[in-house]
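Structures are listed in the sections that come next.
Both complexes below contain chain A, partnered by chain B and then by chain C.
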Partner chain A sequence: MDISSYQVSSLIAILPEIGLLVLAGTVLIMDTVVRDDRKHLMGVTTALGSVLIIVLALFYARPTGESIWGGMIRDDMLAFVLRLSFIFAGGITAIFSLNYKSVAHRGDYYAIMLGAVIGMCFMASASDLILLYLAVETTGIAGYLLAGYARSNNNSAEAGLKYFLFGAATSGIMLYGFSILYGITGETNFVNIAEVLLSGDVALSAVLGIAMLVLVGIGFKIAIVPFHFWAPDVYEGSPTPVTGFISTASKTAGFAILIRFFIVGFTGSEYWLPIVAVLAVITMTFGNLVALAQTNIKRLLAYSSIAHAGYVLIAFVAYSDLGVASAVFYLITYVVTNLAAFGVVILVSNTVSSDNISEYAGMSRRSPFLGLVMLVSFLSLAGMPPLAGFFAKFYVFAAIVKSDMIWLAFVGVLNAIIGLYYYLVVLKVVYVSPAPDGSRPIEISNISKIVLMILSFGIILIGTASSPWFDWAYQAAIELF
Partner chain B sequence: MSVIPLSWYLIFAAALFCIGLYGVLARRNAVAILMGIELMLNAVIVNLIAFWRYNDPTNVSGQAFAIIVFAVAAAEAAVGLALIISIYRRQNTVVAEDINLMKW
Partner chain C sequence: MNFPILSVITLTPVIVSCLLFLFPSDRKEEIRITALIAATFTFGLTIYAYFSYDMDVAGYQFVEKYNWVESLGISYYVGVDGISLPMVLLTGMVIFTGVLISWGIDDRPREFFAFLFLLASGVFGVFVALDLFHLFFFYEIAVFPMYLLIAIWGWKVTREYAAMKLTLYLFIGSVLALVGMLAMYFVSGLGTFDMIALQDHEFSRQFQIFWFPFVFFGFAVLAGIFPFHNWSPVGHVAAPTAVSMFHAGVLMKLGAFAALKVGIMLLPDGARYWLPLIVFLALINVVYGAFVAMKQQDLKYVIGYSSVSHMGLVTLGVATLNPQGITGAGLQMFSHGVMTALFFACVGVLYDRAHTRDIPSLGGFSSKLPWVTVSFIIGGFVSMGMPGFSGFVAELPIMLGLWSAGSISSEYFIAPYFTWIVMISVIAIAITASYILRVVQRVFFGEMPSEFEGHITSSTGKDKIAIALLAAVLVLLGVFPGWMAPLIHSGARSVMSVIGGV
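Presenting the complex of A and B:
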């Protein structure tokens, strides 16, 4: 690894991350120079900067499929697609944050969020245990701070502490697995680790033990049962834009390392894949059943996001190019859909200052626009055609059937039916229940309206014209096998 | 002079890790849980350095990994203590069981 191997192309490959770092610095400087009545410009800058980075990356930083920076980073389509979705989620979250008073006018909030996005980008592209751990912690530490950011709010402080204690403990356990993996293979690069494991002189008990330890850390990130205990409390207590961010981008980043680590690096799937299949079933069923009983919309979305992690795990268990493609496709639709749902929750809680589902009574009359966005996003989460969520589930079940595990597809479909029930209950409250007397219409700023329109349009577009998006996801997947 | 075998280091690290994990699971004070987490990370560092020394000392990735773990552990402790102080100011307690405004 001599100095000449660091070429300009290596720098271009991490252009999005460099851009995010510059953007974070810009926002921090703005925080010191901008007048108090113009502090909202920081959120706008974050969002516009994110859009600019996405456009630049699309034109100049197309993936080459090579390993760069001494094998630390793999610049392939999977990393590219997921990184763009993280930056997109960051930009959208910045716009939504403008509506949330305790974070809207704080430059450090936006800078920390951009730091989390940088960590997620490296999670998606890391091809080495060292960078993987560093990226996980960059994302995690930024996430703990964001969850506890609203210091004047008891729930937010509690959410930050719970997120931190669970996150630090589980990542410590994962790291112990990494250290043993490094010990028995003598390598930290995924490709080299795979070679050593394939040569076959590694004990089965060691492979299983490491798989368990690493699954604890990744299971925390993607909130699967039994590592989900933090999720409902953190989702409820965090500032709502942060909840949206954690439930979409952070979860997707966790799946990125699950796919990358277990498919590229940690071969020997016949041993640990049955365990993951069982976890997928438990995760889906638990998430959906407990969601039925929720009265708080943020907790409902928390349990629904646990259930969605179960569906993506099914795609992962298929362990084929089609499976990974459907997982990536599912994650992208999930990011777009859930951001729209949380956008509505933020705007409603601004006016009614509560997250109880009963407060949504008659919302379709108080704000027809928000009611419509909620209809589109919740039906997509429930998996109704022709919205994006339907095709995402369809591809997942197709992939698992093709891998000859029909029983898993059957459990998944049953779960989708349970899920449909609680999404429809919320929609019933929104559309059928009468609005309480003297209720005010819900205020929406123009910029939030535009963002929600883009997201709803995205949900419909990904659903009605799903093949180009799925082709993208398939290109990402095919490079791994 | 005889060399200490690798397994001694690994047993030491495993014991340290288990003590840390026990602390995380059994202690109720948030600061004590944080101390347990730090013990777990220290066990990892012992592991990494021992493996680096006994596997192939010319491949420095183990050392690099250990240094990264130091840095992350320090950052994590700073953030964790900040969060604990923030909750202590609000609720006047750092006992994990009493921090339960939200339940399902």
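Presenting the complex of A and C:
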């Protein structure tokens, strides 16, 4: 890389990543110097630092749309929007972690999480196979550590190991695909790869083969069928804040590379789209049907998140600017909504020390506030207006109808009904079932209450004043086409 | 810029439902009073809007339009015409009386009124919508609070089953309609969800024939069209009183209204193609609903099935595709809305005191509940289509419209049978008379069973206000239809100018 190309603008473009690194270092130092009774300050610092980075990025690091660092990074709107959502998810997760005993007072926990966020940020902006793989591994390794963080708990250890084994295997397969791709095209940059592929010199079977190999790695990240097997166990076993983090930020990062790799790198060779369409149908239907039978709230959310990946895949299959815009919008709303849902789960499990749905009986009486947040987030996941999830689903179905795949739209809407059913069943337990005798009110710390209020307000805001968010997503999409 | 009255009407309930959550949940009386003030305010505004509509100008009035999602041509676009304005008035009336009737709810009244008001906002939003997306958005808002309202405050025996059944039926219908609406949006190529612009677009006949059933039946599920009516009586029975009033009085109209506005007005060729089927199904509604109602032992089921029957008349009126029929359908929507709201209010008052709705075990309530008795009888007369009551005013134009639809639209193979359809419908109305009179006689007259003696209190002042208001409107419309019929007729004419071809 040419030293003279180091410019201030290139540094500014990765300002969020630099900020995260500094923040991670700060938290690690705090871990050694802060007194034991003030350890919670590390979580607060992580959250406030994340907010600060978001604000700074909004003011100073607006995307230029250029390729920087020798073509390694594409500084465009897609990367910008998704990076902000990762940092947001990281900050929220830090606050939620304060309520979770086995991780709350550990400085390395917060530092590893920030490391994962850095990896995700590069996943969203990487425009080169090498950086992409490094970013995937950074995120992945941090994720394995986080999932297994509560070592004394067997479930958590199992989750960490399972996540690691699946992750290592699938990313190996993806790397194999990358190496073949490099071998055939002689390029590592997405734009150059696209040029070679467009020239028509590459055999169709090779393109399809590479697409499938890469799809295995991405499919693991976004937990689509048949690469989803890790998800329920990892979701159930991980410390709940980590579950929320993996199910939102990590999944979104996976979609970021799906979108960029396949739309920028594989332009003009869309033969693999029918395969993705079939995967979308299977993923949605499987996720929703299996979710019907769950009795553990974390497993229910795991299967529901598999189903949600299916909806985003539909938007991707639409393969148009509207499709990508709706996918990005869906991911933004999904991050906000699912974080709210997991926030409630964390707070409830603190009091009842169980994640069974039956423990949620009468929750609207034990804590009307948590009941309401649960109502808002679950109805948003189900796609009800005036909540964010409604617009998200609406845009997805609009995109697929526009691309003239009506059958896929019908499969999608019928799946939305199955989803509605199991979300309503949980809400029924929360609102209708009587509370068990002698149950206490659920205690919520003020800071958690504020964060949940922000998230609920965000869900309603995106669901009513949808235009600015959609315009961001749309701008991200048209830069790719 | 004029006072944005429709926005205020639509948004007041939802704002109030948020404000209610600022109250601590144990301040029940304050919560009820706030709800009543908000409902009165909204009702007052709907009355004001109703009487300041300029009938000489007709067309859409009080129009407001703001960009919502500009890049997709979605706008917040509201306005009312002769068809929708009476519906807005009806909704205002039902929310007002519904709050009065629900005064006695003691389990989490804050949440109850919040969800009820959210529902009201959704209903208002649909009736005033001039944008397809706007309509769908509020339609969904009107559907899902029903689940909570029924599941939490409903009748313990069937509430969970009924609430889920209702929600799934309505949601399946609405998402199928959504796909149809998206297809219209993209095929038209106009890049807008503006219904008035889409009305002017000529969709190909093939397109219309393919998509009409999705859109029409998707919405008509909510109007309780046969064979998708099954959720409706079950839901009526399980719902708490105010929700039954809303559900039967207003929500079912929402289905008929949306089916007319989106299905028939945007896809008129499709409507003409599918018309025989619709007429046939609506006739089944009318006759089957009446017969089933006759056999019921539970007072709420009687009224639930009578709603199925009467909503069939609305669909019949709409399906005539001529001005008389559509005017009649509009009047029937209003009249039936007030009437069922009244019926359910009366049954609610009765049930709160007797704790049973089993008709054979009731009797002799006229001495204890004279207001309820008189109002119920007025509702009964409306239901039978007695001259001098609003039911007659509504049903006569429907029958006239049906009769002439047969002679005009001779291209349909069922055209020769329209006179038969009229006759069968009239006979079904006679069946209505039989079951309504049976209920009146069994429940209100005769001898009061001994277990009720002594502890049946008279109705409260608030109950009296609610049922007297509803009953008065029914008589007023029956004796003097001039304050509504011309308005709806003007709306029907503008519908005709859109669908054309008579």
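Keep this in mind: the second predicted complex is superposed on the first by the 478 of 481 C-alpha atoms of A that agree within 3 Å, B and C clash if a C-alpha of one lies under 4 Å from a C-alpha of the other, contacts with A are read in each partner's own complex, and residues count from 1 in each chain.
Definition applied: a residue touches a chain if its C-beta (ideal position, glycine included) is under 8 Å from a C-beta of that chain, and two chains touch if they have at least 3 such contacts.
Fair warning: this is a prediction, and the values are worked out from it, not measured in the lab.
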- Item | chain B versus chain C as contact partner of A:Asp355, first or second or both or neither | neither
#### Entry: First, second, both or neither for A:Asp321, with chain B first and chain C second
neither
So, does A:Leu165 touch the first partner chain B, the second partner chain C, both, or neither? first
Notebook entry, point to check: So, does A:Phe397 touch the first partner chain B, the second partner chain C, both, or neither?
Noted result: second
Just checking: does A:Pro368 make contact with chain B only, chain C only, both, or neither of them? Give me first, second, both or neither.
second
First (chain B), second (chain C), both or neither touched by A:Asp75: neither
Which superposed partner A:Pro386 touches (first chain B, second chain C, both, neither): second
Which partner does A:Asp233 reach: the first (chain B), the second (chain C), both, or neither? first
Chain A residues where the chain B and chain C footprints coincide none
In the complex, chain A touches chain B at residues 129-130, 133-134, 137, 141, 144-145, 148, 151, 154-155, 157-162, 164-165, 168-169, 172-173, 175-176, 178-180, 182-183, 186-188, 232-233, 236-237, 290, 294, 299
Within the complex, chain A is touched by chain B residues 10, 13, 17, 20-21, 24, 30, 33-34, 36-37, 40-41, 43-44, 47-48, 50-51, 55-56, 59, 61-62, 64-65, 68-69, 72, 75-76, 79-80, 82-84, 86-87, 90-91, 96, 99-104
Note: in the complex, chain A contacts chain C through residues 364-365, 368, 372, 375, 379, 384-386, 390, 394, 397-398, 401-402, 406, 409-410, 413-414, 416-417, 420-421, 424, 427-428, 431-432, 466-467, 470-471, 474
Listed in rising order, the residues of chain C that touch chain A in the complex are 14, 21, 25, 67-72, 108, 111, 133, 137-138, 140-141, 144, 147-148, 151-152, 159-160, 164, 167-168, 171-172, 175-176, 178-179, 182-183, 185-186
